[in-house]
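In the two complexes below, chain A is the common chain; its partner is chain B in one and chain C in the other.
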Partner chain A sequence: MLSFVQPNIDYHALAPELVLVGALLLILLVDLVFEDRARWATSSLAGLGLLAALIPIITLAVNGHDRSMFGGAYVVDNFALVMKAVFLLAGYVVVLMSTDYIGEGDYYEGEYYFMLLSSLFGMLIMASARDLISIFIALETLSIPAYLLAGWRKRDLKGNEASLKYYLLGVFASAVMLYGMSLIFGVTGSTVLTDIRDGLGSGESVPIITVGILFVVIGFAFKVSAVPFHTWAPDTYEGAPTPITAFLSVASKAAGFVALLELVFIAFEGHEEVWKPLFWILAAITMTVGNLIALRQTNVVRMLAYSSVAQAGYMLAPFAIAGDLSGGNVGAIKAVVTYLIIYAAMNLGAFAVVIAVARKTRSAELSSFGGLFEYAPGLAVLLAAFVFALAGIPPLGGWYAKLAILNVLIDASTPWATVLAVVVAVNSVIALFYYASVAREMLMRPVADGDRTPVTIPASLAASIGLCAVSTIAIGVAPNLIARFSDLAHFVS
Partner chain B sequence: MSEFLRAYLTVAVFAAFAGLLIAGVLGLSRLIRPNRPTPQKLLTYESGVDPVGSGFSQSQVRYYIFALLFVMFDVEAVFIFPWAMRLELYQVFGLVEMAVFIVILVFGLVYAWRKGVLRWV
Partner chain C sequence: MDVGASWYLVLAAMIFAIGALGLMVRRNPLVMFMCIELMLNAVNLTFVTFSRELNDIGGQVIVFFVLVVAAAEVTVGLGIIVAILRRRPGITADDVSALKG
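== the complex of A and B ==
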């Protein structure tokens, strides 16, 4: 007779996920039971559910000690808590942006928030996953609702294109990544990341692991839209509803980076010789290609899409110098987490203002932003603030993110790291051109169609812009705020 | 960088082998198979019914709903059968976990029912 050992389930550690699942089931139920009478309530429920899921994260952070479940496959450490809080807050801002966008369009409201929360649920799992299978399940849980959300404007051909491209390339990337994972499992005989690290050892070993590591990294390079695996990003970002574009470019990208951090700095730690040069190349071409193509864009959403490709390049840079730092890899992880948090605030803010302007102009073309300063000075100043933050100009948040990246690159003090630091610096200058072109359009060009009626901004959209603006400026003025959180963000392992 | 190149030699070997494998299998079968083309062999179904009309035809799309619902219950069954075989072993813990699992899946069924996809129109 087999014996069964009841797994030790720590409900406190799982509470954020449980609250989120409860909220998304409640949304589905409200949508089904009350139909048209209470559809407006689903967005409030989604927002409240996300905020409620933050409460157990705070109690876990106060409690302090790291929790591990299922044989080390699911770990709740400070890194996981910081990233979960980022996902939930980013999700909350996306819900605020979506409320009127989805409510006014011909969209399925209940299902929209259900899908959004399902995707966020996958991201919460990703932050805790320390096992190949958990990582894969988290990736699929966050991706499949995202494929549907990308095509939410289902009568729009661009929406269909967005969803289909994202789906096909996403599935292809999953297949490549799974193949890599199977090779790694074949060599080490384990799916738990710490066991894989011990199994792979360091230095010379079975040659096939190079192929395994390469395929796994390529799978996630699709997710974070690193060049040359970025081809889906601009079309998907343009065709998806704008709040979803913001969601994909911030939360989904952050989830990809979380998985890369876990895999590279835990499982593949001993094999820097394989992935360090790979990340160097990915980082350098991602930022350069992203910025150069962004220069030529005439559509603000496409420009922000290429800018987010380029930003992913900056975030890939610290991976390329791991092992060269005196304090170990913790510095590289911190730099990436810092950048992710600040990038979330700036990018969500930029998209929120684009949504607000598009409510009047019904367009995201750069020319439709002409003379915005004359009839909506507040929005124009805020959009200028967000794009200059993305460019990295003090005292707006972005400079500290860039500084964190450049700091670790200089700290590494190897020739290759210094070259990469120069590439980052040159790219920041290139990026300034197209970020400034948005500001020039708003401040110096005449109003596109002579229509100077002010833009009406609903309360929830204004709240999302406000939240992003306050955090972008606060981080820029007092970067210690963010440094406290990113200092926490390292793995226990 | 030489260490890097040496590590990535595996990738090159791997890619070359993948290419060679396809070329080898297809080439080998081309070498040893007889080649007698007839018009009959170019039909869609060589020994079946003669195809009528063009290759493009509309099929009944509403079956996909049933396919999706089938997958839902299929997955449910995959988990429920092993659990039912060892019901007394897992005791209350197993019962509660399975109840949670089934309740969440029932939401899917309720959704399909409320949206009227179970009605054949």
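== the complex of A and C ==
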């Protein structure tokens, strides 16, 4: 008779997740018990909960040694800690952006923050997941609340459409990914990523392995909105509440990349011949198509949506050169993590300014930004700073991100990597056109409707803009700040 | 006739293909949901078959996770559909096109 053996649970390693779950349950309880009287408190609770979850991350980082639980399915290493901190900070900025947006609109407040924190909880798990089941559960935990958040404006048909499109394609993608996982499980007989790497190495049943890897990668290509699986992104981004658009384009995309890094660089290592060409094609067409369509957008949110599709293309590029680097795949992982961190700061900042301007103009059309410099010079300069950072112009953060990507592409020194580096460079030039068109609109065009009343910015929104601006500029001026963190970010395995 | 594991795998692949095709071709949101369920159940069948072949209970444990997640997904999906149908009765997926992709 088998007796029950209690699994080894390291509560210190799980503390960030536990704090977050505590915060989201507290929000639900406050919303339930105090109803309308304390609904204003839910956003503060969400923000405090996210900051409180950062404390155990810092203590774990100071403590320093890697922790592994549940037979290697859940690992807390430096990569996981860096990504968890990014998710929590991005979530905190989104809460700051949402506070007045959600408070003033006709929205459910308590449930909104509950959903937001649930989604972030899934992302924290994703950063630690080293097993097919935990990756799947993390993906669903972060996606299902996001489907609802995308349709939070439920009396608005655009909001409904955003939610439906995101839902249908998201569920389709997870079904495709699961089928790929089932084939990989069938070949290797394991769900733990390191065992899968050993199991796949034997080199049998090549067609099934190929199909399995392709399906899993395609499933996550939907999540990171890589072309041709990006069709949901612009519609969902436009129809969703703008803070959620920022959340999806930064945190949700980062979670997709975290999963791809884990799967590709741990489990599928040794089968580069299957996924390297796939990533090469995905990266090249994602950045090109994203940038070309962004050129003809007249709505700033849609333009930023296509820009975020193109940015995903840059981040996919290091996957296409794995195995060609002299120092191993660590360089490629570092480049992706560096780009993700910097992209989070500048993209969140751009959306925060768009929210601030739309408070007055009630529109995200490019023309409504006309003459912004005349009546709100501060916002205009900040928005220009964020879009030029996205374009990769020094001394703003984005240049270092682009440099990190180009560096690994050139280090790889294979013909294909060099071609991809050229594609990245050409795309950066194309992207400059539409990023500059925003700046031109704000500086040179007449004020829309002649309305020059100044824009009022609530304190929390100003704080979110300030946080993003400080980090974007600080990273650009002193890139060593970020290099220290991304240097840590490699897997233990 | 001997029915081996490969029969189940082929059947699962066919069900998965029917689901995927149906999702792309059909335009009624409820039928699209049913197609997603077909795809997820094809995944379950594959997991159970491999689990039996490999004599590894792990595959069957995954099926429980997939079932629970599928239930949660359908709940959310039906909620979204109800929100849309309240605004516009008799809608199909093609009609939901205020935003141009």
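Everything that follows uses one rule, which is that the second predicted complex is superposed on the first by the 489 of 493 C-alpha atoms of A that agree within 3 Å, B and C clash if a C-alpha of one lies under 4 Å from a C-alpha of the other, contacts with A are read in each partner's own complex, and residues count from 1 in each chain.
Definition applied: a contact is a pair of C-beta atoms (placed from the backbone, for glycine too) under 8 Å apart; a residue touches a chain by one contact, two chains touch by 3 or more.
Not measured: the values here are computed from a predicted model.
With both complexes superposed, C is the one of chain B and chain C in contact with more chain A residues. Judged by the touch definition given at the top, the superposed model places A:I137 against chain C, while chain B stays out of reach. Residue contacts after overlaying the shared chain place A:L28 against chain B, while chain C stays out of touching range. Of the two partner chains, chain C is the only one touched by A:G189; chain B is not. In the superposition on chain A, A:I410 makes contact with neither chain B nor chain C. In the superposition on chain A, A:Q6 makes contact with chain B only, not with chain C. Common to the chain B and chain C interfaces on chain A is no residue. Residue ranges on chain B touching chain A, taken from their complex, read 1, 3-4, 7-11, 14, 86, 89-90, 93-94, 104, 107, 110-111, 114.
Partner chain A is touched in their complex by these residues of chain C: 9, 16, 19-20, 23, 29, 32, 36, 39-40, 42-43, 46-47, 49-50, 53-54, 56, 58-59, 61-62, 65-66, 69, 72-73, 76-77, 79-81, 83-84, 87-88, 93, 96-101.
Note for the complex: chain A touches chain B at residues 1-4, 6, 21, 25, 28-29, 32, 207-208, 210-211, 214, 273-274, 276-277. Those residues of chain A lying in contact with chain C across their complex are 132-133, 136-137, 140, 144, 147-148, 151, 154-155, 157-158, 160-165, 167-168, 171-172, 175-176, 178-179, 181-183, 185-186, 189-191, 231-232, 234-235, 238-239.
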